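Multiple structures follow.
The two complexes that follow have chain A in common; it is paired with chain B in the first and with chain C in the second.
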Partner chain A sequence: MTMTGAAMAGGRGDIARTSLRRRIENHPFSWLLPVAILLGVFYLYPIIDVFRLAFTNASLRGGEEHYTADSIRALIVNPILPDILWTTFVFTAGSVIGQQLFGLGIAVLVMRGERRRLYGMTALRTLVLVAWVIPGIANGLIWQMLFSEAPFGAINSVLRMMHVQPVAWLSDPNIAMLSSIISNVWRGTAFSMIVFYAALKAIDTTLYEAASVDGANGWQRFRFITLPQMRPAILVNSILITIATLNTFDAIISLTGGGPGRATEVLSLYTFNTVFRNLDLAGGSVLSVLMLIISLLLAVGYASMMPRREPNE
Partner chain B sequence: MRRQFRVALLATVATLVAGAASAQDLITKDRVGPADAPKTLSFRLTGDGPGNTLPDVAEGYQKLFVDFIQKHPGWQIKLERMSDNIGQEQARMLEQTKSGTGPDCAAVDSFVLALFMNAGVLKPLNEYFTQAEIDDLFPFVREGITGKDGKIYAWWWDTDLRVLYRNKDIVADAPQTWDELKAAAIASKDKGMEGLLVNGGRWEGTTFDWLANFWAQGGKLVDDSGKPIFADGENREKFLKAVNYFKDLVDSGAAPKRIATIVNYDEFNAAAAAGSTALFIGGNWQLAQLKSTLEPEEFAKWTFSPIPGPTKDQRSTGTGGWTIGAFSSDPEKVAMCAAIAKEVYSGAGNALQQQLPTSKAQYDKFDVFKSDANKAFAAALVDGQARPGVPIYPEISNQIQVMMGDVLTGAKTPEAALDAANAAVQAAYARL
Partner chain C sequence: MTSDARERLWDTATYLIAIVIAAFFLVPLLWLLSLSLRTRQEVYLGAARFIPKHPTIANFQQILSDPAFITYLWNGLKLSALGGIGCLLVAAPAAYAFSRFHFSSRSSLMMSILAFQMVSPLVILVPLYRYMSTLGLLDGHFGVTMVYIAVSLPMAVWLLKSSIDGIPKSLEEAAEIDGCSRFGIFWRITLPLVAPGLASAFILIMILNWSQFLVPFLLLSTDSKLPISVAIFTFAGTSNASSTQVLAAACLVAVVPAIVAFLLLQRMIVGALTAGAVKG
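So, the complex of A and B:
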């Protein structure tokens, strides 16, 4: 093959590659299809089916299934729903605030420790992460043993040794909610810590140096540099842990079972009970749709507060 | 001669080793029978089987299953172990069997059997049991497994009941009435105990154990058509009387407030072992657990008696237990499932685990049921009452659990809690 021929062949190859790239750019559906199928089968189809079931009388008991709005009507007039939503709000708000505060506190502590080259910071990070990898059910069982009000309950035994009156951790409806939040915060703090730790690492250290030159004290540096710089991380973390907390039921079911009474029965647990105890598949689907709507509204709300990128960024 | 003896000895050892190896090959964690057997039966079971956490029981079931499969050549049984979350497991299995993806054969909790029967997923088992065997079942057992067409749809192989356990050193005489129990519990507190322990948290045991107090007065949860009537007329009075009895136990200090958090019979064993209680209402199976948990001299202090009623003559106790049912459409598999119920569980399984049999004949057949304790349990079955086999029962139970928590913690009055429970149950019934 002559040089001219080789150049022509190379030229044809380049043209073919460019043409293929153009074709892909102009018709992205073919290469997006596998992902779309995967998402559709494993994510979209169940959601569509839940919407469909919400408009039926489907039950695990059997019987003929037909389309009706009765399940939605039953939810709207359900006198228990406001209590369940309030319980969910208290549990979610308490957990999200607690996880953010403790996560931020530990992340700042680890960062400062690392800057000062203190011994044991890696161990501290690992210890916090241990709680995160524990399954929800196990988390509930661990705290159930700690909060046990039996004479041999762990925390109350310590309180008795200190001549402090034992606490009705799980049998008092108000304290039971607090106990549930504590156990969830203990488990979820690690995730917030990781997010905040990464965000802290990304802050330009020259900002702190400049602030120090200007005479800013520790609190001022935290208030006017750290927090504003971490705003996107805090908002993203808020979205993620709010949705995760809304869906939490495993830790509660093993800690309190939703009781005493309905004191700790959050929306996700109520949905679980509706399907697996009352065997009401349609009712559970309506509740699932409600959870999806709440999660979406919260996500949109948080996202609207995110700082916008400038066009030239 | 010596050589012949050696050969004989070697042959015996080889045979024994081969036999043991062969038996081991016949049972694994999730299979009974040869892996290449042409016919397969999937069997979903609870801890009552070769995977039991107690080594003796596990070994006993392994032997029973190996003997069984040797009598049924050509078959292998795929074992599917349920988790301890029985309510969820049974609900999931109901859904699976309805969609045709369930096991061929399974353990079905007696209190949800009606749901499976009404869903039409169970196969009749009459042709695998004689009429004499069916007639010998206790009436509540026979009624529980019989469908509207008169056919039996499962084999109820074991039953249980609730009794009052007490430490004789602290409570010498068995309390006969509610008042006597309250007085005994308060007296036990003077001796450093925490009073009477009962289930009171969000789980089925709370409803089931408390219902004995409602049933003892003749109360009915549902009418003959299955409609909830526990909040109507006389039933309402009886219901409130039984709720107020529990509330009074807590308010008076006879029972600790923490009973509103108890969701496991094991808590009673733990309290007995810790020496912090002298009275609790538990299941008959707990006697064996206490025996294995406590030191012999401590165990000797414990005994049991029927659950006290409002009067000495008004008694009741909840009876539960497990059934085995067939879901397969293949008649051969249905026959195999019935054979498992008959040859592994009914009788042999009862004796192995000391689980109370469901027919009179088996109490005479096995020596283990001739002990004083088991005779006493069998006698107490006279007051036995099973939960109503109606589709609305799970929701009634759920609402009673919520109600009990609200009442025991003082969040609601018994009347308000009953009204809320009834409203929720009636709404659920209307949607059935």
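So, the complex of A and C:
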């Protein structure tokens, strides 16, 4: 141990103070304290409280609160819930599959382009990433201007110019879901692309050389080397984007507002409406708990599919 | 066919697919730009006037001369920046501890911090709304900033931890021999060395805060306190077909700062990768 000059020159008190300071400084938890406090106040405590509120009749209107299982019972018999869950499932599955396939495709394309030293590959990568930083609200508004059935709707006005019947992108319940997924894929693909791009770069090139020697064609190399090597990246990415999509709220509220009817009202939007439109705090808490459970189950489910270290790998 | 010719055929295919992908990602933004430069009459002409015959910047003049709109932009910038600075101040010591200390619960604590990232802000806002109302933190920028900090903390801790991992310990060890305190080392040696990592994390968090909608939408009610993300949503709710060109301009103004900041960040990442924070 070294001693500071100040401590040596000072008296006993100084030494005691210095050593106390040392002990605080050398304990990792004192460095973690600010994070612990903030996450405790703004995450842990609210999460515990959401569980508590789920067992009450709390309302944002105020009034006396008592513990009851009525809110949970009300949700189970709620005839809307199956529709909401189905909508959430379709939106999430469509977005996750779309973003991953598209992201993987772009990553493979950019990698190939870079290997062959083609022009514009960095520009393409940047362009895809730019969509990712568009705020969710703006994303919804931009796609509304593309899907709109009014004269300024880009897609329909092109269709009209080609003498094709315009499509009710946002007012037909079945198509509105597809439109929401397309707009979400537009914004979300970048994340998958960059994860897959990094994973592709990390693959040992000698594997491909060995496969070429063995006479494997392009598809076989992709199927038997690229995909297995990328399995961990694909699974981690699946967890992250599934949960991000489940939590998506702003891009839907500004594109469709959950409509037409309830056609695009996903669980997060329904929870929001329950708490902040109907002021039903207890009901919203039950839905929040449901969201947490679904996220947890998904994370655990994906994690269990993670490859274990196999002897032949 | 020789393998060289086949490769060249594939190059053409690569270009063709790249153009289609680029179009998919570019057209929405170009359409927004096109609408924002049109007069009200030309908006009704749809795609036929993709390039406006009488382009005008009147829409931008209209929104940028509106003092309320400037306030929204300023609020957005202020909340994003304060949230970013606050987040780094809280996250940096923790990242340092995770990188430099060895303690048994380290990896499990890091995983539990990451787990918070999975929780939707909506879930925590349901009970927070009422608490902040009791504490008088509703409708103020302080409360919103605190929630912003908490929401971006998990990501910031992870980002900064990997940045600190990337710098050599030798300088810190030298400072320790010279009698520098642990905090002194962190403040005077580690943080300056990790400045590029701090800067990229700051810009990334600012971009995410700029997009943040739910937190300010729920916690703020006074119009003059709203950030731009909430303001364009409210504006869209009150606008109709005849003001689409103005909405497009407002949207573009809200989107451009995020894009510019991102392009800056991208260069910084590339710079950090090629130059390296410390050499030798």
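We take it that the second predicted complex is superposed on the first by the 269 of 313 C-alpha atoms of A that agree within 3 Å, B and C clash if a C-alpha of one lies under 4 Å from a C-alpha of the other, contacts with A are read in each partner's own complex, and residues count from 1 in each chain.
Operating definition for what follows: contacts are C-beta pairs under 8 Å (C-beta built on N, C-alpha and C of every residue); 3 or more make two chains touch, one makes a residue touch a chain.
Note that the coordinates shown come from a computational prediction; the quantities given were computed from them, not determined experimentally.
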item	value
Fit or clash - chain C, chain B, common chain A	clash
First, second, both or neither for A:283, with chain B first and chain C second	first
First, second, both or neither for A:124, with chain B first and chain C second	second
Chain B versus chain C, judged by how many residues of chain A each one touches	C
Partner chain(s) touched by A:160 [first = chain B, second = chain C, both, neither]	second
Touched partner set for A:60, first chain B, second chain C, both or neither	both
Contacts of A:275 with chain B and chain C, given as first, second, both or neither	both
Chain B versus chain C as contact partner of A:146, first or second or both or neither	second
First, second, both or neither for A:261, with chain B first and chain C second	first
Partner chain in contact with A:42 - chain B first, chain C second, else both or neither	second
Identified clashing stretch of chain C versus chain B [57-65, 75-83, 219-227 or 255-263]	219-227
On chain A, the residue positions that both chain B and chain C contact, one per complex	60, 150-152, 275-276
Of chain A, residues touching chain C in the complex	2-5, 21-22, 25-26, 28, 31-32, 34-35, 38-39, 41-43, 46-47, 49-50, 53, 60, 106, 109, 112-113, 116, 118, 120-121, 123-124, 126-131, 133-138, 141-146, 150-154, 156-158, 160-161, 186, 243, 246-247, 249-250, 253-254, 268, 271-272, 275-276, 281, 284-285, 288, 291-292, 295-296, 299
Complex contact set, residues of chain B against chain A	87-88, 91-92, 94-95, 98, 115, 118-121, 194, 200-203, 256-261, 263, 267, 270-271, 274, 276, 391, 394-395, 397-398, 401-403, 405-406, 408-409, 411-412, 420, 423-424, 427-428, 431-432
Contact set on chain A toward chain B in their complex	57, 59-62, 70-71, 74, 78-80, 149-152, 168, 170-173, 256-263, 273, 275-280, 283
Chain A partner contacts - residues on chain C that touch it in the complex	7, 10-11, 14-15, 17-18, 21-22, 24-29, 31-32, 35, 43-48, 89-91, 93-94, 96-97, 101, 103, 106, 109, 113, 116, 118-131, 146-147, 149-151, 153-154, 157, 176-177, 179, 181-183, 207, 210-211, 213-214, 218, 229-230, 232-233, 236, 241, 244, 247-248, 251, 254-255, 258-259, 261-263, 266
